[in-house]
Structure formats: C-alpha cells, structure tokens
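Pasting the structures here.
Shared between the two complexes below is chain A, which has chain B as its partner in the first and chain C in the second.
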Partner chain A sequence: MIKQFYILLNFLYFTIIFALDIGIEQTLVLHDPEILPLNDSTSGSNFLKYLDSNFELTFADYNNDEISLFYNDEESIRFDNIILFPSSKKTINNKKNLNQHNLLKFINLKGNVLVIGGSESTSLPEPFRIWLNELGIYPAPKNYKYIDHFNTKLSEKNNLIKNNIVDSLKVESYDGSAALITNNELIFPIISSSKTGYTNKVGTPIDQESTWTFGTQGYLAVAFQALNNARVAWIGSIDLLNQVEIYEWVFQKKNTLRLQFAQHVNNEDPSKINPTLYRIKDQAIYTIGISEFKNGQWVPFEIGDGSDLTPQLSFKMLDPYQKLNLEKLGKVSSKEKGDLDTFAYFVNFTVPDHHGMFTFELDYKRHGYSWILDKKIVTVRHLANDEFKRSWDITNSWLYIASTLLVIIAWFLFVVNYIYVGKVNYKKKDQ
Partner chain B sequence: MVKDKSIAIKKAAQAQSRATPTTPATTVVQPVSTTFHELQSAINTTFKDYFRNLTPRTKLIDLFLLFLVLLGVLQFIYVLLIGNFPFNAFLGGFISCVGQFVLLVSLRLQINDETKEGQVEGEEDSKIFKFISPERSFGDFIFASLILHFIVIHFIN
Partner chain C sequence: MSNVNQLTIYGVDIQLIRTLLKIIIFISIAGAAISSRLFSVIRFEAIIHEFDPWFNFRATKYLVTHSYYEFLNWFDDRTWYPLGRVTGGTLYPGLMVTSGAIWHILKNYFKLPVDIRNICVLLAPAFSGLTAIFTYFLTKEMKDSSAGLLAAIFMGIAPGYISRSVAGSYDNEAIAITLLMATFYFWIKSMKIGSVFYATITALCYFYMVSAWGGYVFITNLIPLHVFVLLLMGRYNPKLYTAYTTWYALGTLASMQIPFVGFLPIRSNDHMAALGVFGLLQLVAFGDYVKSKVPNKQFKSFLIVSVVFVFGSGIAALFGLTAMGWIAPWTGRFYSLWDTNYAKIHIPIIASVSEHQPTAWPAFFFDTSMLIWLFPAGIYLCFQDLKDEHVFVIIYSVLCSYFAGVMVRLMLTLTPVICVSGAIALSKLFDVYLNIKDAFHGDNISISKVISKLTVLLSFGFYLFYFVLHCTWVTSNAYSSPSVVLASRNPDGSQNLIDDYREAYYWLRMNTPEDAKVMAWWDYGYQIGGMADRTTLVDNNTWNNTHIATVGKAMASPENVSYEILKKHDVDYVLVIFGGLLGYSGDDINKFLWMVRIAEGIWPDEIKERDFFTDRGEYKMDKDASETMKNSLMYKLCYWRFSELFGGRDGVDRVRNQQIPINAVPELNVVEEAFTSENWIVRIYKVKDLDNVGRDLYDATKFENKKSGKRNRIVKRPKIDLRE
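Take a look at the complex of A and B:
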C-alpha cells in the first residue's frame, strides 16, 4: 500500500517536472559513440554549444532501448527536435521505438529533425534511411563519397542554390556524401553539387554502377518542410554544421512566420469584421498581419516592394476569380496595447460580378519560410430586385422613356381629336 | 498583199455586222418602261382611291400611324448606335410604338369596314366585323391602349 502510494507520488513528481519544462524545448541527440563521442571538441563543437544554451538535451546511443519519441498516450511528442548523427552500423537495437513509422508520426506531431550524413565509413541506420526515402531524399549509402576533382572547394557560384535560408557559404572544404531528391513540392535544396562533382563508391573507378549522383543531380544539403510546418534538413557532412542558418532553420529559430490575423470587411460597413455575405461588385478589403520569430520574440515581417515573397490573396470559387498581391499597410500590434509585433498587409478589390460561395484564400508557400494557409468562406449574392438602378437613373434609357411618354400624349390627343372629328362629320351629315 | 487587204476588208465587214444588232436592245427596254408606267398608274390609282375614301377620322389615324412608325424607327437606330444596355427600357419604348400601331390598325380596319357598308349595298356577308359598331371598336381601342400603356410604364421601370 505504501509502495503503491510511493509510485503514484513518483508519477506526480514527473508530471510536475514535465509541466514546468514546457517552456524549454527538449532535444534528442542520437549518435554513435564509437565514431562521435560528442564530449570532446569536434568540428561540431560550436553546434553543441548552441544546443546546450538553447535546449534541454538528451544524448543517446542508437542502441539505447529506453528512448521513446512519444509520451505514453502516443499523441504528444517527448522531444521538439531530433538530431541524427551518422553511425557506423546499419542496424539498431531500438527498432520498436526508432523506426520510420514513428519518425513520420513525429513529424506529423510537428517535430523537427536534423539529419547529418556521414562520410566514407559512416551512414545512417536503416530505419532513418527508409524514412528519408519516404520524404523523397535518397542519401548515398555507406562507402560512398562526394568527389569533385575540378572544384575542390565549395563556392557560392557552383554550389549555392538561391534560397531563403542560406545567403552565403562559409564552408569551403567538404568531406561527405550527396543525396538524390524527388520532385516532392515540399523539398527544396539548399546546397547542390557542382557540375563536375559526383558521388562514387570509395576506391572503385567511376562507372554507371558505382556512382550515386552525377553532376548537378546531387545535393549536399536538402530541406523539407511538411504542411504542418515541421522541418527536416539533411546535410551531407558534419562540416556543414558551420552553416549556422541551416540548423537554426530546422529548430524553428529562423524564417518562422505566424499569421496573427486575417480578416475581410465590406467597404460599405467596415465595422463588421468578417461578414459572411457580400453582394456582387461590392468593395472588399482584406487585411492580414504576419509576424516573424527572431531572437526569441515575434517581430513584424516586412517584405521589400516587388519581392516575390509578397503574400497573395486569391478570391476563388473553384478557380481564382481574383489573384492579387497584397500591399503593405504598416506595423501593427497583434494584441491590444501590445508591442508592434506584426506587419499588416491589405488589398482592396471589387467582388466579381458572379454570385456563389467564394473563399478568401491566403496560400503562402515560399521555400524557406513557414507555410501559411488561411481560408475564409463567404457568400456572394446577386442584386436584390429593388437594388437595380431605376431606368431614369440611366441616361441611355431617356430616349425610350421620352418616346413612351410621347406615344401616350399623342394617343391622348388622338382620342380627343377622334371624338371631335367624328362630331364634325355628323354635323356635316345632318346638314 | 492584195489578198491580205481583201481579208482585212472582210474582217471589218464582219465586225460591223456584229456591232449592228443594237436596235433589238431598244425594243427590249420598251417593256420595262411600260411596266414602270403601269406601276406608276397603279400607284396613282391607289393614291386617288385612298384619298377619295379618306375620311377625317382615317386621316387622323394614318397620321398617328406614321408618327408611330417614325418613332419606332428612331428608337431602332438609337439602339443600333448606342447599344441595348437598358434592354427593358428599349423593349418598353419599342413595344409601346408597335403595340399602339397594331391597336390603331385594328381600329382602322373595323372603322373602314363600317364606312364601306354605305358604299356597297347588299353585301352583308363581305363584312368581317358584322356585329361590331364603331363606338364599340373605339371603346375597345381605348381600353386596350390603356392596358398597353400601363404595362409599358411598368416594364420600363
């Protein structure tokens, strides 16, 4: 009895600990101690310092059986981020908890994963490889190495792909592998192989069988962002950890956007926010506010004029009837009496001359930034029968009205004259 | 050389003989002018007959008819030039002309029928509107016209 009580107390203690820990992000680091002890200074030491100062870390061996990604309810994740270091072994002992299904579920529950590819003698354990393949990233297997005899150092000209994550290459020497990618829309490469680079089996001459990537079909760093904004990055070598932006991006510290509000009003009645009913040819004003997470706080997300990052609104019923760039409005506050933490954009447009169910759709998908999707459905009605213009308001119809009046007047004169003329006739006949 | 000359003369003669049959063409023109004259005389007779039978009432009706036709044509030209934007207004204006025209023509037929009675005796069967007096037809006309105007005004909106 006392023992049971003790266990219960223990459970309570743990739940309190976890409740307190919500503020600090949990990060799991999986590594192979034979290759990477992680306690002495390696090339990733800055990275480890960064991890230490930002997260509550859990280090684990790939063979550690006690690691589980989820709490007992299987609905919430124990860690916010996972970092996978390369391993020398293909198989792992903890297959029950660390397999491709659980990793996929981890992403679906908004967990982020940074995968670090190995050099010659190392690679990823099999379950993680399968999981990466499911996403559409095919890293080179063990014993493959990225080689470039012509451009021995990475350069921005040859290797950097224009993206919103990495602006400049800080890494020159590269010792690692490359990956192939599918045309999955959610995948976007960061650093590619040069035209002369290839990935080949170590120690064998180059031929069709032994090459994994050839020329620009190979990628050294690839990012993936799921529709729920969970982020995954695969980097081909531990050297790329010097490229700070990549892991900051994975851990949602960079280019993380939040839609603070999205609303639409009818120009004739601006006090009523998000009305459900519009009339054809009404003037609608659509406003959104976007914040960006920077240095631990939300700041306004301002985009330069004419940039292709400009958010767009589509007003659609199956097809977009309007597709408009939003204009800048200015910095606003997302809360009452708060700081100016949001940048507002707006667009003013005429509702199309077509009635039906329309959607104000903000579908913001720019590689490297969080996806934003907002849909607001409204009804667009046609004119009621007393809302049409009267004929006399339309100058075109004045002639028709005048001619009708003329016909009526002439008819009246005709009737009078007809009777009058008839009488004269009778008088004449009488005489 | 002499032979050539004779051939040339022959050819010239042939050409002349081909050119000569111009006279039959004038005889072909003759029937056209006669039909034209006939047409003219027919029109003349029609006009004379028309003016002979013209009572002040029919004269008044015809004047009104002419006015309606002109007004209708004016509106039609207008719709061709400007476009049919307030289409209901155009229809209203145009139909008021056409409708009034139709009603007026019916009135004229009924009235004319009545007047012809005096001229041609003993041909009761030839009359179409046997049982309709001119007063009745005039009343019908006023009643129908009022309905027409009412509808047209509402249709123009």
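Take a look at the complex of A and C:
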C-alpha cells in the first residue's frame, strides 16, 4: 500500500517536472529589497511587465536560503533565466547554492543570466562578481561611477557597437557603472564608453592605480554567449533596461538560431544522405537548414545577398582545402508535412584531389547570433585499380602500344623466317 | 654397377626403402620444426604476438570479410588519422593472401570453417616445415642428400629462424624465408641445367617472395651478384644466360604487378644491379659469339675496349639518371646498412627501432649454437669444390654475415646459409668418419683408427644432442613470449601473467565511442587498431615522419601546446605505457628521447633534446628533472598521481630507480584520467573539451580546484591585456 502510494507520488512528481519542462519558462529574479523593492513603478517597470507576461517568475532576496538552481539530480536546471538586480551588500547568506561554481554550472547547463549593474552605492555580491570575472567581465566595484564630462549624453556614434543586437540607442542619459573585459572571444560588447569617459571612485581624482576604466577600454553593456549558446549580459545601469533588445537577446527571444539539418550527398548517388565515403574529385553537395526563433515560433532564417552573415563551409583535413560561401536555396520545412520553417543553404563543390579523412565543418560564429557548429567526418579515398583511364585512352601511350605491337609482329616474322624460310631442305637433298 | 638398383632387403627394393625413410625423416623434421614453435600457444594461448603481426592479422580479417579487389583498393580510415593510409597499395599482400586462401580452401573444399585467427597463428610453424624441405633440396644441390637432411633439421630448429616464426608470430618473414629457400633452390637448379622451365619456376617463387616481404631486394641483388661473379671468373656459359635472362624478364614483370612495388624495379637504385647484369650478360653473350667467329688476338682488344666503354657508360647513366630524378636514390634503410651511424644522425625513426641496432656478438652463438663454428668450415669446403653453385653459397654467406652484424633482424637471413654450410661441413665429416667399412675391411684393423673415429663421432653426437637442447631452451625461454602478455614469477615460483595491454585495449573497445581517436606512440598503433579497434594517429607502418613527429611534439610539449595539437587532430584519448610501478623497462619514458629527437628533427626551434636532461646531462625523472621534462605531457601522464601509491613517501620508479617526489605532483589541465590498468602499464587519458565559457583550461582547472575560501574584501583592478 505504502509502496503504491510512493509510486503514485513519484509519478506525480515526474508529471509536475514534465509540466514545468514544457510549460512557461521559469525565471529567477534576485534583488535587494533595500535598494529595489520591485513593487512600485521604477525605471524597470516595462521590464517587469515584460517579465510577468512571458515567464513564471520567482522573486527572491539575495539572502533567501531556499533558492536552489538545480533539481535534486544536479543535472538539470530549475530556472531558464536568472536576473540579478544590484545589491547593497557584498556578501550573501545562501553561499551553498548561490556560489560561483554553481553559477558556472548553470551556464554549462544552458541557463541565461542578465546582470544589472547599479549606481555608485550598489554592487554585485561577491560570488556573482567572481563568476562574472571568470567569464572575463570585470565590473567596477562599489562606489565607482562612470563619468564623461565632454559627452554627457550617450550617442550612437560614440558609444554603440553594432553587434546585431542593438541597432539604435534609446537611452541618452546614463547613470551607472562600467566594466573592463578580457580578450575572451565569446564576449562582445554592445555599448562602450566614449573616448572621454572614465570610471572612477566617487570623490577621488583620476589615478593610474585606482581608476577602473579609461576611455574606450570601459564598456557599459557587454554580451557573452557560451559555446553551448547560454547567454549572459551585463548592463551597467538599470537605465539600459529601456534597450529592450538586450534582455530579449539574453532570454533567447532574439537572434536565436537552430540548425535544423546539415547533410551532404555525393552528386553521383544523391539518394544516399551523408555517405561516409567519397572518392577524390567527386562532386559533393552540402545543404543546411537554419531556423530563427521569432515571436514564439521557428521561422526561416534568410540572409540578404552578400551579407556578412552568410554561412560558410570548410572542407578540411588539418587545414581547409575548401572554404566556400553557402548559396541560398529557399524556404523548406524541417519536418515532413510541416510549415516552411527553415531556410536552406547549399553549396556544390569538387572534393579535392587528395585522399584522407575530411571534415565538413560548419562553424557559424556571428556576434549576436547563436553559435552553430556542425562537423561531419567523411573518408575520401583514392582511385581504385579499375578507375583509372585505360592505356588506350591516353594519346601519349599510342606510341608505346604501337611499338609493342611492332616488336611482337617482328619477332613472329623473325621466328617464321628463321625456321622455314631460306633453309636448305636436307631431306630432299639427301634423297 | 647396375645391380645396385636391384639390391633388396627382405625382398623390398632398397631404393623404395630409401624413399620411405626419407619421407619419414621429412615428416619427423617437419614435426620437430612445428612442435618446437608451439611453446607460446601452450603456455599462453593462440594469440597474435608483438606489433606488426597485429596489422597483418587485421588485414587478413579484412581480406576474408571483403573481396580481393576491395582488399587491393583498401583505403584505411582507421589509421594515420586524418591522413589515412592507402593500405591496399602499401602492403605486401602475400602473407594475407596465403592465409586467406588456406581459409577459403578449408572452408569451401574441406568444409572446415576454421577461425582465421588460428590459421594466422599457426601459419608460421606450418611454413617452417616447408622451409626445412626446401633447405634440404638446396643443400642437396650443393653436396648430397645426407647433407641435405642435416641442413633440413638444422633449419627446422635453429633459433635464428624460430625467433621470427613461432606460433603467433604472424609476420611477413614467416613465409618469406620459405620462399627465399625455394627461390634459391630453383635458381641453382635452373642455373645448373640451363632450364627455361626451372628459371620460370624461380621467377614464380620470386614473384611470391616479392608479394610477401620487402626483403625480396636481397634476392634481386644476390642472384645478379652470383652471375656477375661467375662472369668475372670466366665461367660464362649459355645455361647461365638462359637461366638468368628468363628469371630476370619474367621475375621483374611479375614483381611489378604488386602495387606496392609498382615501377620500383626499373626506377630504384636497389634494383639497378639486376638490370645492369642483365645488360652485361647480353654483351657477354654477344662477345662469346664474336669470339667464336674472330681470331683470339683481335678479340682481346675488342673485349677490353668494349668492357671499359660499357662499364663507364653504365655508371655514368646511373649517376645521371639518379641526379635527374629518374631513378630513385638509395633508401635510408640501405645507407644505414653501410654506415651504422647514418640512421642515428639522419633518420632517428629507423634508429629508434630496436631490431635495427647492430648485433651483439653473443647473439650469433645464441641463435645458431654450434653451427656458427661449423659455418666457416662449410664455406672452406665450398671453396675446395668451387662449382658454380658453391660460389652462390660463398657470396650469400659473405653478404649476410656482414648484414647480420649490422642489423639484429638480419640474423634471420644469415641463419639459412649457416644451416646449409654447417650441414655441408658436418656431412663431410660424417662421410669420412662414419665410414666404418674401411676400418674393418682393411688388412689390419687399427685400434687407433677406430678410437679416433669413435672419439670424433661421439663428440659430434654430443654436439648434435646439445644443439637440440640449446635450440629448445632458447626457443622456450627467449622467443616464445607473445609480448602482449607478459609472464613473471611470483615469489613462490608460480607463474604470474601480466595482462595489462589486453585489459586496456579491451577497455578502449568497450568504453569509448567507435569513432574515437586514440593518440599513442607509434609502437602501439597496430595493437590499438587490432585489439581495441580504434582510430590511431600513427602506427608501426612509419610512412609519414612528420605525422610521427607531431605526436612526438604533443608528448614532449607543455600542456597548452599539446592541447592545440590534440584538438587539431580530433584526439579523444591519449594512451601511454608506463612501467615504473612494475619495473617494465620497455615503456614510453624510456622511448621518450626518441620522441623528442624525432620531433626535434621537424621543429628544432621548439623541441630541444638538451632541455630534457638535467644540468649535468642526466636523464632524470626525480626531483632533479629539468623543467621542460616536468612540464612535458608525457611526464605528466606517466607520473600523474603516481606518488600517492606510496603512502605519503616519495614514489619509486622501478625502471629508472629514481624517487618521484611526493610534493611535486604534476598537475593535469587539458586531459583527465580515464583508465589505468592493473599494474599501471597502460594509462589512458581523455582529452577535455574546450571550455564552455572560453577560458583556457589552466584557468578552468584552477577555478575548479579553488573552493570559495578566503573572502577578498578589496576589489582590485585586474591586469588585462589590451582588447584586440
């Protein structure tokens, strides 16, 4: 009886998890009630409305001990997104669950994080700061402020870096912090400081040691996309929440791509998809289909002609032997009898005259879009013994063939001559 | 004398008895030859030995599961990743085709579906019986059938030959020595009687030999040399002309049918001697004809002028064509035959193979026992007789004595001629001393004569007996280890099998994805391919020095450099052999200097052999080890967590007798331990993926290991490189 009950409980438990899985995305909002109560109309009000209409929200204080990022198996994440509002304290109580290692694991399990920096009196609690540093983003600490005496307003000319995320600046006055970033290739800044901006401790003069950023080395908004396409953004001020694109991007609502299929066929036998064996100088056709997530559904991802976004194929063995732009094929469906939700690209090329194990590599890394990486290893073999030209097909060989025949005929004539011609018939003579 | 043929014993014709006896002797010899090669099967199991046989075995399996043409056109995508190997065109197919044919015949005609592995294991012993028979025929041509029988039994049990033909040693040499003897026998036969038929058979045997072993070049040069020497001795005759031209024309055409040989017979220097002698023989034949037509005096001047002219233009053509690249120059292996230091300086990859080292002199006694001192006596007897065929034995013995001194593995080709000439000497001795008729039939029976005969006979009887003992002992103790399985003794004397290799390879086969790429030093390539069935980067077919050097560089470099190489080559696992725990000296640390040297040959700026030694020039692994050594991937993979086994004290490397300090444990960043075998001989590491958040793996490991400890209140501005 108890066992049955237990099974039922288990069943219920899994159903709930399942329901959570396919249901509305879960989002955790961590905030400091002393700074941001999140109940009156702050500058983030539009943002909160957006959150409310799109996600199942969990609000929590930084000191909330109940919060855990993972389910009990430690392999799946409880939330899809985390939003970190500024805090007044440097430390938190829930170090067991909210530490830098768990945050990193959260990203590795494909969770997204939006970090909101604050004005001079706020900062990020330590675990979050260490974790951001690990990604390569170093926000200025507490009591630091971004200042620009010459360009008091943000402008697209001075500040905006076009990375396919933000097209136009909607914020003019900026009250917040700035960050330094490392050379990590997965980081791409969105809004930078102007040449004349700097980040300094409030009330102290500029100093080589203590000033956090000088000029364009500081960034006001930074995006980060991990190899598994988990997204992180750090924005230096709550003002930047007016740039809707930034948080839409973080929550995977914008510029999210999916490789629906990638396949190659041999021109001689197109019915066989993804053959593992090619022959040198065969014609190969490589096709991919990419969809983009827009307004809650997958739609074809079509690129303008000659755009930088055009996907490329490398056919490589240690080094690329071919590096080709894919051509547009048209809208297709990723499923049988489905909607036209995918845009297909293709390229037709000759396999190099070199045998070995080659990789069809689609390494699509464009700032602002999801990374796409697909590798398919095939064997390119040499010509078999019966695939060469026959000797008589090569005009150069005719000379040799003719001389061979000539020798054979001459030898035959010689033998005939030697045996039968010109010999005295001894038998006759004897008689 | 005609009544000799009618001699009967108990009404049976004596010739018949002779034949019967001979057959019984042959069967016994074959039995002895085969059974003495079965030690390893009885002690261990029917397993393929060592390294190369694993490739041959794998290729044979491919042959019997695919068609012959698929085998011929086989492009192997599981070795030399990502280059691949045109295996069908770069192997000698004779061995595989032979066992494949046996397999098919047994299956289709005798309805005996034998496992191909058993055929492969037992092929070498079976062919050793044939070798003995061909040695009999060859020696019979030299002296008589009693010498032949002696040579046959010597050949059957001489350790020099057994070393390459025990059960499980499924290598090209297993059938090649048989074919060598067959070719030589038929050559002597055809040369003696000038028969086109026998010369054709010689050519066929030669073709089979070419298809089976790269050592066929030995025949390609020995037969022309024999002819050349005979010409110099003024022994030209039409028989020689018939035999040689037939053999050369047919043999060369046939040998060109083997894809791996292809056009070599007309384009490589190794084969030019045969061509040159062929041309010379035509001229001599023509000269002979002229001589019979013109007076002697004129002929002499004609001869001198033409010989000088022909010789000069021949040499000039050879040099010219070689310089123009039409004829391939001598290969490195060939140079290392003349200058034993050549390989060490120019081609470390050849020098790194232990069987390419010069032979130590005790090896001659070890491998041939008493035959080594009978050998010169036999040659002396050949000189006394000095018929055409004896010249052959003399040339063979001179050449091979030299080669065997230069390279250990060429003991193999010396052994047959030692057996032949030893048998000639011994049979001559027996002819004289076993002739007891004289002692009793004489007018007065001389006691001293009888005693001297008895003494000699008894002592040689003892030598023969001792020879058998020695051969059996050597075979049993030195040449019957599969080297895949190691045997050792427990303190109580019982046998302890160390089966780490197979344990690890089986682990790879069972626990890694089928397309996983395994990087290991090339010695283990064939075994990984054969036993673990995983893709390797390099293997014992050392055709691409650069690729091997790449692996050497990956092993000898610091982790971050290695990681780039590993990623570029899609490596999933790294395998190293470590003998430090057990005292197994054939491990990767002892081979490490070769890896360094080979890598240095390609990247002299990045890898320097000197850096791997201590300041005092010692090769050390302990606390004195150089920084480069300690940072190399190989060192880290071998000694990772090694000291932990010793309960807080320093680890002891039993191969090098050095202390591995407990407080300087190597750290691993780019790989993680996946498997270590029971006795730590094989260690397998998995290559980590790229870091998901784009850090280098050093930082990632550091971060992983640093649990949130002391709080750092003051946030300092980081030192960051300028953003690119």
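In this text, the second predicted complex is superposed on the first by the 375 of 431 C-alpha atoms of A that agree within 3 Å, B and C clash if a C-alpha of one lies under 4 Å from a C-alpha of the other, contacts with A are read in each partner's own complex, and residues count from 1 in each chain.
The working rule: a residue touches a chain if its C-beta (ideal position, glycine included) is under 8 Å from a C-beta of that chain, and two chains touch if they have at least 3 such contacts.
Because the structure is a prediction, the values reported are computed rather than measured.
Trainee: Check the contacts made with chain A and report whether chain B or chain C touches more of its residues.
Mentor: C
Trainee: Once the structures are superposed on A, label A:Asn266 by its partner contacts, choosing first (chain B), second (chain C), both or neither.
Mentor: neither
Trainee: Examine A:Ser291 and indicate which partner it touches, taking first as chain B and second as chain C; both and neither are also allowed.
Mentor: Neither partner.
Trainee: Who does A:Ser370 touch here: chain B (first), chain C (second), both, or neither?
Mentor: Neither partner.
Trainee: Once chain A of both complexes is superposed, is A:Ala384 in touch with chain B (first), chain C (second), both, or neither?
Mentor: A:Ala384 sits against chain C, while chain B stays out of touch.
Trainee: Figure out whether A:Asn396 sits in contact with chain B (first) or chain C (second), or with both, or with neither.
Mentor: In the superposed model, A:Asn396 contacts chain B only, not chain C.
Trainee: Given the touch rule stated above, what does A:His355 touch, chain B (first), chain C (second), both, or neither?
Mentor: After superposing on A, A:His355 lies in contact with chain C but is clear of chain B.
Trainee: One more residue to check, A:Glu126. First (chain B), second (chain C), both or neither?
Mentor: Once the two structures are laid over each other on A, A:Glu126 reaches chain C alone.
Trainee: When the two structures are overlaid on chain A, which partner does A:Thr404 contact: first (chain B), second (chain C), both, or neither?
Mentor: So A:Thr404 only meets chain B here.
Trainee: On chain A, what residues does chain B touch that chain C touches as well?
Mentor: Of chain A, no residue contacts chain B in one complex and chain C in the other.
Trainee: Residue numbers of chain C touching chain A in their complex, please.
Mentor: 69, 72-73, 75, 77, 81-84, 86, 89, 259, 515, 568-570, 690-695, 699, 703-704, 707-708, 711-713, 715, 717-718, 720-724
Trainee: Mind listing the chain A positions that touch chain C in their complex?
Mentor: Residue list for chain A touching chain C: 90-91, 95, 99-101, 104, 107-108, 126-127, 129-130, 133-136, 138, 141, 180-187, 209-212, 217, 224, 226-228, 230, 317-318, 355-359, 377, 379, 381-382, 384-386.
Trainee: Provide the residue numbers of chain A that touch chain B in the complex, in ascending order.
Mentor: Touching chain B from chain A are residues 388, 390-391, 394, 396-397, 399-401, 403-404, 406-408, 410-411, 414-415, 417-418, 421-422, 424-425.
Trainee: Across the complex, what residues on chain B touch chain A?
Mentor: 55-57, 60-61, 64, 67-68, 71, 74-75, 78, 82-83, 85-86, 88-90, 92-94, 96-97, 100, 138, 142, 145, 149, 152-153, 156-157
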